[in-house]
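You will see chain A twice below: alongside chain B first, and alongside chain C after that.
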Partner chain A sequence: MVSYVVRRLLAALPVILLILVVSFLVLHLAPGDPVTFYIQGGTGTTEEFVAAIRESLGLDKPLGVQLALFLGNAVRGNLGYSFYYHDSVAHVIGARMGVTSLLVFLAVVLASGGGIVLGVLAGTHPYSTIDRVNTFVAVVGYSIPVFWLGQLLVLLFAIRLKLLPTGGIPISALGQGGVGNWARSLVLPVLAVGLMQLALIARITRANMLEILGADYITAARAKGLKESVVIFKHALRNAILPVVTVINLGLGSLLTGAMVTETVFSWPGLGRMMLDSLLRRDYPVLMGLLIVMSVGVVILNLVTDILYVYLDPRIVYR
Partner chain B sequence: MTRVRGLRALRRRNAPGFEFWRRFRKNRGAVAGLLFLLLIAILALLADIVAPNDPMTPGVGDRLEAPGSAFPMGTDNLGRDILSGVVHGARVSLVIGITAASISALIGTLMGAASGYFGGAVDEILMRVCELFQSMPRFLFALVIVVFFGNSIWNVVLVLGILSWTRTGRLVRAEFLRLRGSDFVVAAKASGASEWRIIVRHVFPNVVHIIVVTTSLEVGDVILAEAGLSFLGAGDPNLMSWGRMLYTAQRYLRTAWWFSVFPGMAIFLTILALNLFGDGLNDALNPRLRRVAAE
Partner chain C sequence: MHKVRTFIACFVLVMLCIGAGSVVAVSEPVTLVVGLASDPRSLGPTATDNDACPSYRVYSALTQADEEFGPAPDLAQSWEVSADALTITFHLNPNARFQDGSPVTAEDVKFSVVEVTAKLVSVANRGLIPSIGSVETPDEHTVIFHMKQPYPEAMNPYYGFGPRCSYIVKKADWEGTDYLANPGNLKPMGSGPYRFVEWVKGSHIILERWEDYWGEKPAIQRMVFRIISDPTAMALAFENGEVDWIPYTLVATEVERLNSLPGKEAALHGVPCGDSIGARFNLRKDLFKSVDVRRAFAYAINRERIPGLVYSGGAVAAPGQINDTPFMHAWYDPNVAQVGYDPSMAAAILDRAGYPVGSDGWRFHITLKHSTNFPEDLHVAELVKADLAQVKIDAQIITLDYAAWVDQTFVNWNFDVNLSSVCSGPVPTAMGRFTTSNILPIAFANDTGWSNFEYDELHNRQMRELDVGVRWAYLSRMQQILVEQQPIVFLVHRRAASAWNSGKFSAPDSFWKGGLGYFLTRETEVKPVK
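After this line comes the complex of A and B, so read on.
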C-alpha cells in the first residue's frame, strides 16, 4: 500500500512538472508586455524606468533562464510575486482559496449525498414516480450550463420569491451576518455547482442498485430472513456506491471550473474572480500560480480518491 | 406486382444503415433530439432570413423591452432584438461545436490509432501526453489562451479542439489495442498487407462507430465550453453568441429575466438534444456496448 502511494506520487511528478512548463510557455509566449500593464497609470515613465522595472521583475532574462528560475522557485514553494497585489502569489491565492474550496467541498457533499439517496430510491423502486424524477434530474442536470442554472436560481429564489440572497457572503463576513445568513447565502451557489455531479451519481447509483439487487448474494441475504433495509443499506449499497468515488474523481476538474464560473454569478470573491481580474491585468505570476494550484490540486485529489478506493473496496489490490 | 414490392422491401432491408435506423428510431428521446438539432441547424443556416432583425444593431426597440408581439423574446440593454440574437447565436454555437469537435476527433483518432496499434514506446509517450492534457484544467487553459492570444472565433475553435482530444484518443487506443491481435488483422498481415493498409482498411472501419459517438457528445461539451468562455467575457466580440448574451444579462437579472432565460434555454435545449442524440447513436451503433445506465 505504502509503496503504491509512493509510486503514484513519483509518477505524478513528471505530469506536474510538465504542467508547470506548459503554463509558463503559454503565458510567456503570449503577445502583450506585462510591464506596460504593471506601470499603467504611472506618469512620466522613462525608458530607463521601464528597463529597471523589467529587470526587477526578471523579465529581461532569456526565456530559458526565466523558466529555470521559475521552476527552481516553484519547487521550493515560491510561486513568485504578484505585479498587482504586491504580495507573494502563494499568499494571495491562499487568501482566496477558502471560498472556492468551500464551494467545491459543499458541492461534492450535496452531489454524493443527494445523488446516492436519489439513486437508491430510484433503483429500489424502478419505474415509479421517484424513478421518473431521477431520470428527469439526470437528463436536465447533465445538460444545463452551470452559469445559467445559477442565473435561473437567482431569478426564481432570490428575485421572484425573495427567499434567499442573490450574492454570497464571504467567509470573512461570517461574524457580521451570523451563521444563518451565511448558510442561506450558500444554498444557491452550492446547488448550481453540485447539480451536474448529483445527476451523474444518481444515474450510476440507480443502475448499480438495479444490477446488484438481482445478484445471488442479495437473494441469499433475503433468504436468511434479513430485514429489507439491512439488505439494501448494508449489502447492496456498499457495493453500489463504489463507482461514486470514480465519478467524483473524474468530475473534480469540472467542479472546479464550475465553481469558478458560479462565483461570477453570485459575485463571490474566490479564485474565479481573481483569475478574471488577473487576466485583465496581465498579472502573470498570479495566473501561473492559479493554473498550477488548480492542475496540481486536481492531480493530488485524483490520487486521494484512488487511495480511498482501496479502503472502500478490499477486492482491489494495488501492487 | 407483389413480387416486385417484396424484392424492393428486401433490398431496402439489406441497405446499409437500415438496421441502424431501425434501432435508432425506437429511442424516442434520440429521435426528438435529432429533430431539434435539425431545427437548430436550419435556423443557423437561414439565420439572415429567419431572424427578424440584425442581432448587433442597437435600438431596433426600446432598452430592455419585455417580450411582446414586436419582440417575442424582448430586447437587451441596448435595445437589440433577443430573438435575432438567439437565432444568430445558433450559428456561432454550431460552427464552433462541429469544427472544434472534428479537430479533436482527428487528433484523437491519430493519437489513439498510433498508440494502440504500435504499442511499446510510441504508446508510452503518447499516453503520457494524453495524461498531461487530461490533468490540465481544459477550461482554464482555454480561457488564458483565448484572452492572451486573441478571442476570434477561430482561436476559440482551435484551442477547444486541441484541448479536447483525450477522450477520443483513449477510446480509439483501447479499440486498436483490442483489434490488432484479432484474426482478421493477422490474416491481413499474413497476406502481405502493409501496416498502413491494415490500419486504414481493416482496423479503422471497426472503430468508426466509437469515433462518431464520442464526437457527437464532444460537440455538446465544446458548445458548453464556448458558452462558458463567452459568459466570462472571453468570446468573440464581433459575434452574437448565447454565452455572450448571458454575460451581459448577468447585470440585468433584476430588471430583465427574459434576457437570461431565452439564450440560456437555447444552450440547454441544444446540449440536451445532443446528449439524447448521442445516447441513441451509441445504443444503435454499439448494441453490444450498450451502457447499463441507459437501461
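After this line comes the complex of A and C, so read on.
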C-alpha cells in the first residue's frame, strides 16, 4: 500500500506541473493588466508611474522568465506576494482557508450524512411517503440554483423570522466569537451549498440500496434470522456505499464551485470568493497559489478515496 | 419509533443550544457599521477614491470639508492665502499628534504632500502638485507653499489641501521606503480620530476611537466596515440591522423599499465626481474623424428614455460634460446642450457624409464595448444599439470584465465606441480629461484621441484663473466645444444611492449622502439617537 501511495503521488507531480504552466500562460496572455488596480487613472497618472509599478511587480520581465521564477519559488514553498493585498500569498490564502474548509466540511457532513440516511430510508421503503419525500428533495435540491436558494434562505430565516444573520462571519473583536455565533452564521451557507450534493447522494444511495436489497445474500441474511438493522447497515449499505464515496469525492469539486457563489451571497470571506475577486483583479500570484492548493487538494482527495475503497471492500487490493 | 423520538429530541436540544449559546455583542461602545462593496486595496495614501473611506478616519489632512464643501480646520488650525494665490501659509495645531504620541510637524506635512502624495495620488497631480513650486517650513508648526501659478482649487477639500491630496503620514515611517509596499498601507498609523484595530480581508475592518485624539472626538466610538460584495446581500444586511450605513453602493431599485422601513432612510443623490456615462468615439478610426458622423450618433441616440428604462430614476439625461449637480452647479451652463433625438436628421447627415445604406442593409458596422463594472451599462448598450439600428448602424455589443475592458479601450485603443464613465467634477479640474496631454495609454485618460487646441488653451487658463466670472466663461466655452465637436455623446448623469439607519444615528443629510461623510468629513457630526 505504501509503495502504491508513493507511486500515485509521484505520478501526480507532472499533472500538477502541467496545470500550473498552462494556467500561468492562460492568465498572463488573457487581456487585462494587474496594474489597472494600482492606479486611479484619469489625468495625473503618468506612463512613468505605470512603468514603475510594472517593474516593481516583476511584470516587465519576459513571460518565460516570469514563469521560471514562479516555478522556482513555488518549489521552495514561496508562492509570492499578492499584487492587490501586498501580503504573502501563503498568508492571504491561509487566512481564508479555514473558513472555506469549515464551510465545505460541514456541507460534506450534511450532504453525506443526510443523503445517506435519506437514501437508505427511501431504498428500504420504496414507493412509500419517505421515498416520495426523497424524490422531492432530490428534484428540488438539484434544480434550485445555489445563489437563489441562498437568498431565499436569507429572506426566510434572517429577514422574516429574525433567527439567523444574513451573512458574514462573527467578528471576535466585537465579542461575537464563540461556537454559538459561528453555528448561527454557518447554518444557511452550509444548507445552501450542501443541498445539491445531498440530493444527488440521496438518489444514488437509494438506487444502490434497491439493487443490493434484492441480492441473494441479503435474502440469505434475513433467512438466517439476522436483525433487519444488521442486514441493512452491515450487509446492504456496506456494499452500496462504494459508488456513493466516489460521488462524494467528485462532489467536493462542485462544493468548492458552489462555495464561490455561496460565499458571495453570504459575504463569507473564503477561498471561493477570493478566487473570483483575484480573477477580476488579475492578481496572478494569488490565483496561481489557489491553483496549487486546489490541484494538490484534488490529488490527495482522490488518493484518500482510493485508500478508503480498500477498507470498505476487502476484495480491492493495490499493488 | 423510540429512535426517531430520541433523534428529534437531540435535534431540538442542539437548536436550543445554538440559540442560547449565541452571544450577540451588545454594542457597549457606540458602533457605526458601514457596508463596503469590496476590500480596499490599501488603507494608506495609495487608496483609490472608492476605497479610502476607512483610511480617511485614520489619517488627518491639512483641512477637511465643511458642510458647504469649503475648507474647515483639521491639522491646520488656520491659514492665509495671498491675494495673488501664490503663497499659502498653514499654521498647524501645536497639539496635533500621531497615534504613537509623536508630534505632527511641518516636515511631516511637507514630506507627505511633495513626496508621498505627489508620487501616489493622481488626483493631486491633476492640479495641486504641478502648481507647487517650493515648500518652506520656517518652524515646526508652519508650512508655506510657494505656488508656481495660482491654483483656484487649492483650498478645495477634494482637489486641494484636503483629505484627498494631503494624507499626512509620519515622515520617519515612510521616508526611504517603497511607498507601495510600506506597512502603513495595511496597518495605518495616522493622526486622525480613529485608530486601526484589524483588517480581516473579505470580512471587515475595525477602527476604534483614539481616546487621546488632540481634536474634537467623535461620538462614534467604533467603526466597523463590513465587506459585502453582493448588492442584494448588502441591502438585506441593512434591512436586518447588521449594517447602519451603505454609502454610494446601494442599488437604486432598493431605495423606495428601504425608505419605507421604520427607522431607515435611503435616497438617490449626486456623486462628487458628477459621474456620467457616455459613448466615446475612437477618433483614430477614419469613420469617427468626421464631426458629422459623431453628430449623427448624437441625433440617433434617444438619451431621454435611458434613465427611466435602465436606472429606475437613478439618473437623468446628460446635457453635456458638466451637469447641474450640487458640486458643479456653479459651473454648469444651461445654454450648453447636445442636439436632441432626431433619427431622421441622423440618417440625413450620414447620407451626406457618404455613408448610405449598403446592400446588406447597414451603413457600417461598429463595436460597442463596455465593462461589467456597472451592471446597468449592458442595458444602456442595448438601448444605444437599438437606436443606432433605427438609422441602419449595426453595433455589436462586446461585454468585458473591468480589467480586459481597460486594457482594450484605454490602453490599447482597440475599440470603435467605448461606453464609459465620464467624471466631470467635483471641480473643473476634471475637465482636463479631454486635453491633448491626457492622450495616454492609461485607464480613464483621453481614450478618444481627440485633440483641440482651443480646448487645451482654455483648460490651461481656467486652471490658473482666480476670477470666478472669467473662469466661468472659459468653462462655458469648453463645454460648448465638447458639444460642437462631440468626441463623446454624453448619455446620462448617474446618481448614487445610499441608506442609513436614522433610528440609531443622526447626522446632517450632507454627511450621509453628500459625499462629505464618505470622502471627507469626520464623524463628529454623527451622534447616536438617544
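Here, the second predicted complex is superposed on the first by the 285 of 319 C-alpha atoms of A that agree within 3 Å, B and C clash if a C-alpha of one lies under 4 Å from a C-alpha of the other, contacts with A are read in each partner's own complex, and residues count from 1 in each chain.
Assume a residue touches a chain if its C-beta (ideal position, glycine included) is under 8 Å from a C-beta of that chain, and two chains touch if they have at least 3 such contacts.
If you're wondering where the values come from, they're calculated on a predicted model, not measured in any experiment.
K.L.:
Thinking of the overlay built on chain A, is A:I307 touched by chain B (first), by chain C (second), by both, or by neither?
P.N.:
After superposing on A, A:I307 lies clear of both chain B and chain C.
K.L.:
Would you sort A:F49 into first (chain B), second (chain C), both or neither based on which partner it touches?
P.N.:
Only chain C; A:F49 stays clear of chain B.
K.L.:
Just chain B (first), just chain C (second), both, or neither: which does A:L291 touch?
P.N.:
first
K.L.:
May I ask you to decide whether A:A90 touches chain B, chain C, both, or neither, giving the answer as first, second, both or neither?
P.N.:
After superposing on A, A:A90 lies clear of both chain B and chain C.
K.L.:
Is A:L18 touching anything from chain B or chain C once the two structures are fitted on A? First, second, both or neither.
P.N.:
After superposing on A, A:L18 lies in contact with chain B but is clear of chain C.
K.L.:
Examine A:G167 and indicate which partner it touches, taking first as chain B and second as chain C; both and neither are also allowed.
P.N.:
So A:G167 only meets chain C here.
K.L.:
By residue count, which of the two partners contacts chain A more extensively, chain B or chain C?
P.N.:
Of chain B and chain C, the partner in contact with more residues of chain A is C.
K.L.:
Between chain B (first) and chain C (second), which, if any, makes contact with A:R273: first, second, both or neither?
P.N.:
In the superposition, A:R273 contacts chain C only.
K.L.:
Of the partners chain B and chain C, which touch A:I144 in the superposed model: first, second, both, neither?
P.N.:
After superposition on chain A, A:I144 lies in contact with chain B alone.
K.L.:
Contact-wise, after the overlay, does A:V179 reach chain B, chain C, both or neither (first, second, both, neither)?
P.N.:
second
K.L.:
Under the contact rule defined above, give the chain A residues that sit at the interface with chain B and also at the interface with chain C.
P.N.:
30-32, 151, 154-155, 159, 166, 264-265, 280
K.L.:
Which bits of chain C are touching chain A when the two form their complex?
P.N.:
That would be residues 17-26, 31, 38-39, 41-42, 46, 48-49, 119, 121-126, 129, 178, 180-181, 185-186, 197-198, 200-204, 206, 222, 224, 226-230, 232-233, 236-237, 239-240, 242, 400-404, 406-408, 410-411, 423, 429-430, 432-433, 435, 438, 440-445 of chain C.
K.L.:
Under the touch definition given earlier, write down the residues of chain A that touch chain C in their complex.
P.N.:
My answer: residues 30-34, 36-47, 49-50, 53, 56, 84-87, 92, 95-96, 151, 154-155, 158-159, 162-163, 165-169, 171, 173-181, 183-184, 187, 264-267, 269-270, 273-274, 277, 280-282.
K.L.:
Across the complex, what residues on chain B touch chain A?
P.N.:
128, 131-132, 135-141, 143-145, 147-149, 220, 224, 227-228, 231-234, 246, 249-250, 253-254, 257, 260-261, 264, 267-268, 271-272, 275-276, 292-293, 295
K.L.:
Under the stated contact criterion, what part of chain A meets chain B in this complex?
P.N.:
14-16, 18-19, 22, 26-27, 30-32, 139-140, 142-148, 151-152, 154-155, 159, 166, 203-204, 206-207, 210-211, 253, 256-257, 260-261, 264-265, 275-276, 279-280, 287, 290-291, 294-295, 298-299
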